[in-house]
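Letters are used for the chains, namely A, B, C and D, taken in the order the chains are written, and counting of residues starts over at 1 for each.
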Amino acid sequence: MLEKTLVALVELFPEPASAAAPAGEGTQEAPLREAGVVATGFAKHGSHLDVLCRPDQVVAVAQIMDREGYFLEAISGVDWLDMQQFEILYDYNRLGGEHCRVLVRTRVPRREPVVPTVSHVFPAADWHERETFDFYGVQFQDHPNLIRILLPEDADFHPLRKDFKP
Amino acid sequence: MTVPVHLRQDETFVLNLGPQHPATHGVLRVKLTMDGEYVVKAEPVLGYIHRMHEKMAEEGTFVQFFPNTARMDYLHALAFNHGWALVVEKAAGIEVPERAEYIRVITVELNRIASHLLWWAAFLLDLGGFTPLLYAFDDREKIIDLLERITGSRLTYSYMRFGGVYNDIDDEFIAGTRDFIKRLRGRMPRLYHDLVTHNIILIKRIKDIGLVSAEQCRRYGATGPVARGSGINYDIRKNEPYSVYPEFDFEVPVFNEGDSMARYMVRMHEMEQSMRIIEQALDKLPGGPVMGKAPKVLKPEAGYYYSAVETARGSLGHRLVCDGGKNPYKLKLRSPTFCNLSLFGEVAEGMLLADALAFMGSLDLVIPEIDR
Amino acid sequence: MSGYLSEIVTGGKSLITGLAITAREFFRPVVTEQYPWEVPTMTPLFRGHIELIANEETGEPNCVVCGMCQRACPSACISLDGKKNESGKGKVLTRYILDFTKCSLCGLCVESCNFNALRFSKDYNLASFDKNDFIMDMLKRLEEQNRCKH
Amino acid sequence: METSMWRALLYLVGIMAFAGVNAAWLGWCERKGAARIQRRIGPCEAGFAGLMQPLADGLKLMSKQLLVPQGVDGIIFRVAPVLAMIPAITSMAVIPFSENIGARAMELSVLLLFALASIGMIAILLGGWASGNKYAIISAARGVSQNLAYEIPMLLTVITVVLISGSMNLREIALTQQGGFWHWNIFRLENGHFLTMWISFIIFFICSVAETNRAPFDMAEAESELVAGFMTEYGSMGFGLFMMGEYLNIVVGACLTATLFLGGWDCPFGLTPGVWWFLIKIYILIFTFIWIRWTYPRTQIYRLLNLSWKILIPFSLANLLVTAALIKVF
């Protein structure tokens, strides 16, 4: 299963996947890894594959995952303040059958954080994306109704941003 | 069997189910557009008990997040403790002694039975039967007393620490657990199954109500008893074995009908399986310390970490991002009921109000876990 | 037609067994504890609000004002300070305030104190109309305990 | 019967007292019975074993303020609870408590009882509609369709009883059943009625439970779905009157069942007939009402209507046919 997914994902990124970066990259690593698929140890990181892709490829990856029979477990946002970037993490996992969890990451500049929505592929994403928008202010293009889900409607702040002062 | 009925779109009225409503366990509001008694569109509105646990995680150190974990799903608090302990132990590479792992499994399974008992009581209350609640609470009280003996609190436990558990279990706890299991096994067939499961009124009330297909579960990411009720054999204790679960043999109850009755039977069988796990864990309980060595101030290596734990309601995921500091850089809590509820809107269309509530009861919602 | 009849028969039987069970329960003894008259006994590890431990002879708190519990608490309920000891070898506790309204009884403070100066008390029925009653002064409570002990 | 003023006045006071005491203390019986089934104690603080609890509840209800929601038809809002009480009390005038205790033995008393029962249904409709609350309107619609669905089988089974005892007057019906339980309608031995009468007893009992909106059929005030159904907007004595109306309906239902099937004031062995036997029978029946309520979950509205239209009515029709045939044959 792992190889099948790996093969399916790799052909999505034509340029060679540089596996130079260590398993996870912290904020201080020098060369920013461009798009690619890296296998990470499950015991340590809890996910088998770590995919970094450009924002516009997110929908393509979601369609591949849907075809492979994965389900979308969670969408989370990370605010890398010092690199002035938001990072959106998509967690895909298998329901039953051989276990394989894939983490898909994409980075968007902090000033205009826009990512295409995957809610038409995975309806589960609808609420998760609304929550990421609610806490970080990431705009998901053509999302059915991108309004706040947890915070009151008239809240004008995004609490999980690192520069949020209560 | 929701009779295929022609819903007149124009003559609908909006009915607010909640936030103060007896059937929503907590403060969930569902905006129902109704045509007579049929639900045309159901849209859950969340956020009435949102406390921003994820920001609290970023403020405090790793250890200081333990009280928060118990406040999200207070019915299965120990599984949330277990999930948080697992992800940080994975990140920081902390060893947990064998005895602590066994104690964790025993207490988590006891807490799962307590959670299922309370779900069963509240589900029957939604359907109008008041007496089963008292019988279920009579049993649940025994578990709560047992867990209070060793953890110190009754509902929101902060019992686990990185590298083990807060304090050891004693023989009185072991004897008490064995008595409890014998007692519940004696009461289960008569008070739970004869009085309720085989009752024709209940069968008519939840059979073929709220049909959820396996494909819907996959697209909405529903896990736990909701998925197992629709034929998906996915239990994290079996599929992604963690802690010492591989050492116990237990089956995962899976029903294919996908209606509320299937979810009901899944949970009833799960109580039985949890009792089997507890008995095996008590038999194989090793000696030794309960607290491994863990550094006072944790600074896990930077990176992306994920741990999934099987709670009574589904797979609870902790997506942790560390930047090498002593606080978690980012913690996303993937709560199972958040995804289970997201399919309510699609399934509840065309249902009667009474069926929609029976369906919501079978989803086993805990609202603070949805809102976090 | 047969399904119709068999359903009525099985349905009727299940209703009768239901009644029989509740009837038997009707005559069984009561299981509830009559709270105001029968008071529950707390288990040894029960977590009430924290209190100071004093060594037996002098009745002085063991606390050396190191502030570890103040830092360990996730919701910053503990505030304490002390002054230099006259004989110059350490500090003496002068003020130990616990804001019990914010405490979540997680036990990190008791765990972090390695001078055996904190423990959980056993009183559970704390109720009052005024929030300030829960801003507890631990030193005063210790003196009362010492006074009523001898 | 001489119709002097004193007799009418005496009966008026007697029935009002009977109704008042029953309405209040049935609440106490219900809470004690429910508690015992759930193995707890129930009210035991107010007075000896909680006997003063209904008084305490009554005073509390009276001291509360009756809020009339804004923009609602005030008159109907206030009339609805009273309308729920009237039929329950007036139908007690016709019930034969014993040989010589019976306010008025009218010729068509059975018919009067059922006419009054449908007034109770109108009270639910008015109460639900007049509160202007969406939950109340749904509950009113449910209450009406349920009462309608359960009135028909009830009438059919009563016709079988009237066929056997030959008269519509409750006193005559009770008189024909005197002398030992084998004379009671439920076990009627002569010309083979015992075959069909216990079926009509069961159907009648189920319908009386459904008439009073209780137990598995409490669709009108379904707590978990419709908050409090048609009583949602009612505050103090409005709610109080609705509750007392419900309890009095139970008493009337129990009296009717006892008179029609269990031989009114007749002692099981025909020795000492009297009003105490009648009261014993009523309270046993009332206990079964309570017992059923705390055992079963609630049915769904369509199952409930299916139960009536698809099962109860065909059965009661067949029952009526067989009874008529038996009378013809023997």
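The rule we apply is simple: a contact is a pair of C-beta atoms (placed from the backbone, for glycine too) under 8 Å apart; a residue touches a chain by one contact, two chains touch by 3 or more.
Note that this is a predicted model, so its numbers are computed, not measured.
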Maximum centroid distance from subunit C, chain identifier (CA atoms): D
Between B-C and C-D, the pair joined by more C-beta contacts: B-C
When centres are defined as mean Cα positions, the distance from subunit C to subunit D in whole Å is 50
Whole-Å distance, subunit A centre to subunit B centre, using C-alpha means? 26
Intercentroid distance (Cα basis), subunit D paired with subunit B, Å: 44
Any chance you could list the residues of subunit D touching two or more other chains? 37-40, 294-296
Set of subunit B residues in contact with two or more other chains: 131, 135, 138, 195, 199, 201
If you connect every pair of chains that touch, what shape comes out? Choose line, ring, star, complete or other. other
All chain pairs that touch each other: A-B, B-C, B-D, C-D
Provide the residue numbers of subunit D that touch subunit B in the complex, in ascending order. 34, 37-40, 134-135, 138, 141-142, 216, 218, 222-225, 227, 294-303
Complex interface listing, subunit C residues touching subunit D: 8, 15, 18-19, 21-23, 25-26, 28-32, 34
If we count contacts the way the header does, which residues on subunit A are in touch with subunit B in the complex? 23-28, 43-47, 50, 69, 71-74, 76-79, 89, 91, 93, 95-96, 99, 101, 103, 105, 122-124, 126-127, 135, 148-152, 159-160
Applying the document's contact rule, which stretches of subunit B touch subunit D when the two form their complex? 3, 13, 15, 21-23, 36-37, 124-131, 134-135, 138, 195-196, 199, 201-202, 204-205, 352-355, 357-358
Subunit B contacts subunit A in the complex at 46-47, 50, 52, 54-55, 58, 87, 90, 93, 217-221, 223, 227, 232-234, 239-240, 302-308, 315, 317, 319, 321, 323-324, 329-330, 332, 334, 338-339, 342-343, 346, 371-372
